[in-house]
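Both complexes shown next keep subunit A, but they swap its partner, so subunit B is in the first and subunit C is in the second.
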Partner chain A sequence: MNDAITVSGLDVRFGASHVVKDVRFTVGEGESYGIVGESGSGKSTILRALSGLNREWSGSITIAGEPQKAKRPPAFYRQVQMVFQDPYGSLHPRMTVDATLAEPVAIHGLGDADNRINRALADVGLDGGFRFRYPHQLSGGQRQRVAIARALILEPSILLLDEPTSALDVSIQAEVLNLLSDLKGARGLTLVLVSHNLAVVGHLCGRVAVMKEGQIVEEATLDAIRSGDIHEAYTRDLVAASRRAHGAITAC
Partner chain B sequence: MRVETPLLAVENLRVRFHTPTRIVEAVRGLSFTLGREKLAIVGESGSGKSMTGRAILDLVPWPGEVSADRMEFRGQEMMGLDRHGRRAIRGKRISMVMQDPKFSLNPVMTVGQQIGEAYRVHTKASRSEARERALAMLEAVQIREPARVHDLYPHEVSGGMGQRVMIAMMLIGEPDILIADEPTSALDVTVQAQVLDILERLVTDRGMGLIFISHDLPLVASFCDRVVVMYAGRVMETLDARALSKGKHPYTRGLLGCLPDLDHPKDRLATLKRDPAWANGAGT
Partner chain C sequence: MSGLYAYLTSEAPASRGQARLAQAYRRWLALKANPLALTGLAIVVILLLAAAFAPLIATHDPLAQNLDQRLLAPSAKNWFGTDALGRDIFSRIVHGTRVTLVIVLLVVISVGPIGLLIGTVSGYFGGWTDRVLMRVTDIFLAFPRLVLALAFVAVLGPGIENACIAIALTAWPPYARVARAETMVVRNSDYIAAVRLQGASNTRIVLKHIMPVCIPSLIVRTTLDMAGIILTAAGLGFLGLGAQPPMPEWGAMIANGREYIFDQWWVATFPGLAICLVALGFNLLGDGLRDVLDAR
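Entry: the complex of A and B
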């Protein structure tokens, strides 16, 4: 298996605060990798550095065998796309779904926008009736589907997901998670999923990095986490909190 | 001993919105009573949970219309009161913590001023007295440096702090009932625990009644006493929180089924099958 993403010695500083400290990990091609931790632990910052949104970093990032500089060429974005946490904020309120999806196609000069848009909408389970709607005419789950379609329309091989379900209801969360695992299977996508919810990460990913205060304190497979083969007290706390939350529902 | 009158009794509450094309019914015939307890209202977005909270406080925006056979606060009927009567209750006897501190706080007033304002609306307190109270409230919601935070603007505080500021503002009038609309969904697990702690203490120490609006079933099961499950503006079922997992209504079962479980991974999560008959009262 080739490595899709290799990160080593990644440091990110915002002024005086050191947000990401010497982070290293690798993600294989077609693998799903999870990053969990509290907010402020630096997990989203790592994704923003990977996707080229944050240019202030040091260390090395290699994506699909190519060492990356701070500024990425347009071709990079055909390979790597990102889905953001809040579908209410990440879609332009005055652009229809059609315009939102047509923009990346035009930027990259792919042509054949009409068919691509229809296909992208079908892939995320939205029928053609949604194509000329505005975001305010969609429910939260539908908006997140549009956001995923926007990322997938360029047919990337790597998808970065920043808390893709935490702004959604549990019932919608289940739909979006199912959609992601279907897409992963159908396209062999490499996923990097950031979440504070260990159960969500566990549903999609095989390996998880646990972050605390800008550092990866532990990296473990989901099987190890389930069987309790973990070494850091903080990971144990997270697992216990996740079990407690679920146990409250299923214990009786 | 006489039976204590419930803090709040609501019967057949309806909220309708008259739009040019049709009448949208956000809440349809909701009934419940609230004692000195933690009552949860759960359901998906759009199920009418927040509208219920707003209807109790007479905060339903135009063109909404509220009707109820009975809406009593400590035995006093509220439906017949005029705007001034409702305003006297709102904020002082019943208050509500809104969902998102980013949008619910005034961006051009310091948080201390806003908390003080909430106090001065209902009492004839002086500015300095309001400041004293505001500082005390900030301390009560466990903000470490109340004097510093008092003079900050909302954009200068973190999400968790903003939420606690909102709670402080709502509690300064010492209400009998607090309606909390998704008070912790924007917060981290650790901060969430602190906020829940504060609410818990208010219920046990002050005998306050809490209506906790949420879509987080595990949280509600562990924190609240009773749970009302809502769908399409109706109550599907009312359960003891500890028996939430034994809920019989297919909607409750559906909500529980779509949670991912760390220890029992499934290939596909169950998705919710919504039966249109539920919206018309079947199963209630």
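Entry: the complex of A and C
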């Protein structure tokens, strides 16, 4: 299996604070890799460095065999796309769904925008009636579907997901996760999923990195976590906390 | 009628055009619910109609002098009376709407784009670009508008075009400020990050994604500013630096009436009322538009 993403010695500093410390991990092609940790642990910062949004980092990032510099070439964006946490903030409030989806097609000069947009919407389970709506006419789940369609319209091989469900209702969360897992199956996507919720990560990912204070404290397969084959006390706490939260939900 | 209503309120518009029309219709409904804004809109519409059909509405030739009939009080023949040269004041006010509109339009066309461009570029790029552009803006902001306009007119020479240029040169800084503030709010938002992740160039981001966000607040600002622009133009006219005689400009008309204000009050009063009314109309409309356009 080829490596889609290799990160080594990644450091990110914001002024005096050292947010990501010497992080290294590898994601295979077609693999789903999860990064969990509490807020402020630096997990989203890693995604922003991977995607090229944050240009102030040191270390090495290799994507699909290409070592990446701070500034990415246009072709990079056709390979790697990202879905943001808050679907209420990630869609332009003054653009219809149609205009939002037409933009990447126009930027990369792909042509045939009409068909691509219809196909992208159908792929995320939205019918044509949604195409000319404004974001304020959509629900949170529908918005997140549009955001996913926008990411996938460029047919990337790697999809970065920054807490894609944490701003959504619990019932919608499952829908969006199922959609992502279907899309991954259909397109052989490589996913990197960042979340504070172990259950969400467990739904999609085979391998999980646990982050604490900017460092990856443990990397484990999902099976190892389920069977309790964990070495770090912090991971154990996280798993226990997640079980409690789940218990609380099922008890309701 | 119900077909049109369904078309405009459809939850699932079928085309770009329908989506845009539906958006405009929702805004119209919001504006309609605000009586003050409607009053403002009515005044502005009346102003536009008066300018368009001035020759039909005016009862006399606005430039025709008749020294036998100077300074006549308002009557059935001369509704607002006549001025020192025997010209009909009502006709002059009606024709004056054209002058006012020309000034407002010239200023708005030049000020809006300049302010928008400087503000968005400054806010989006930040750093040195921002510092240089904002210091230039500060320099222009530091002068009282009328004083700076006076200085420009003194250099350029009196006349309505030069008055417009002078007002435009003094009016753009607040627009740049507004656009910059708005840009700084959105430049780090996820939706801008998302287009950046699609590989969009900076030019594309500023023109297609940031400017549309800034335009509504600039429109509001412009409408609210219209009153100020009209007043400045009238002020320049009053001082003899704007429109030149015999052009029926409202400010200049007030200046002419100043000598007679105690004995023939109508000469200065009616142009003054016209300025007041139009300024009020634009202000009310701007206030209403702010509520309508800001709603997301």
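Rule of thumb we're sticking to: the second predicted complex is superposed on the first by the 247 of 252 C-alpha atoms of A that agree within 3 Å, B and C clash if a C-alpha of one lies under 4 Å from a C-alpha of the other, contacts with A are read in each partner's own complex, and residues count from 1 in each chain.
Note that contacts are C-beta pairs under 8 Å (C-beta built on N, C-alpha and C of every residue); 3 or more make two chains touch, one makes a residue touch a chain.
From a predicted model like this one, the values you see are computed outputs, not experimental measurements.
**Q** Per the contact definition in the header, classify A:Ala241: touching subunit B only (first), subunit C only (second), both, or neither.
**A** A:Ala241 sits against subunit B, while subunit C stays out of touch.
**Q** Pick one for A:Glu38: touches subunit B only (first), subunit C only (second), both, or neither.
**A** A:Glu38 sits against subunit B, while subunit C stays out of touch.
**Q** In the superposed arrangement, which partner chain does A:Ser181 touch: subunit B (first), subunit C (second), both, or neither?
**A** Once the two structures are laid over each other on A, A:Ser181 reaches subunit B alone.
**Q** For A:Ala147, using the defined touch cut-off, is the partner it touches subunit B, subunit C, both, or neither? Pick first, second, both or neither.
**A** Touch status of A:Ala147: second partner only.
**Q** For A:Ile225, using the defined touch cut-off, is the partner it touches subunit B, subunit C, both, or neither? Pick first, second, both or neither.
**A** First partner only.
**Q** Return first, second, both or neither, reflecting whether A:Ala233 touches subunit B, subunit C, both chains, or no partner chain.
**A** After superposition on chain A, A:Ala233 lies in contact with neither partner.
**Q** What is the shared patch of subunit A, the residues that subunit B and subunit C both contact?
**A** On subunit A, the subunit B and subunit C contacts do not overlap at all.
**Q** Once bound in the complex, which stretches of subunit B touch subunit A?
**A** 44-46, 159, 188-190, 215-219, 221-222, 242-246, 254-256, 258-263, 265-272
**Q** Touching subunit A in the complex: which residues of subunit C?
**A** By the definition above, subunit C touches subunit A via 11-16, 18-19, 23, 189-191, 193-200, 204, 208-209, 212-213, 296.
**Q** So in the complex, which bits of subunit A are touching subunit B?
**A** 38-40, 139-140, 169-175, 177-178, 181, 196, 198-200, 202-203, 222, 225-226, 239, 241-246, 248-252
**Q** In their complex, what parts of subunit A are in touch with subunit C?
**A** Per the touch definition, subunit A meets subunit C at residues 51-53, 72, 74, 76-78, 81-82, 84-86, 89-96, 98-99, 103-104, 107-108, 128-130, 132-134, 136-137, 147, 150, 154.
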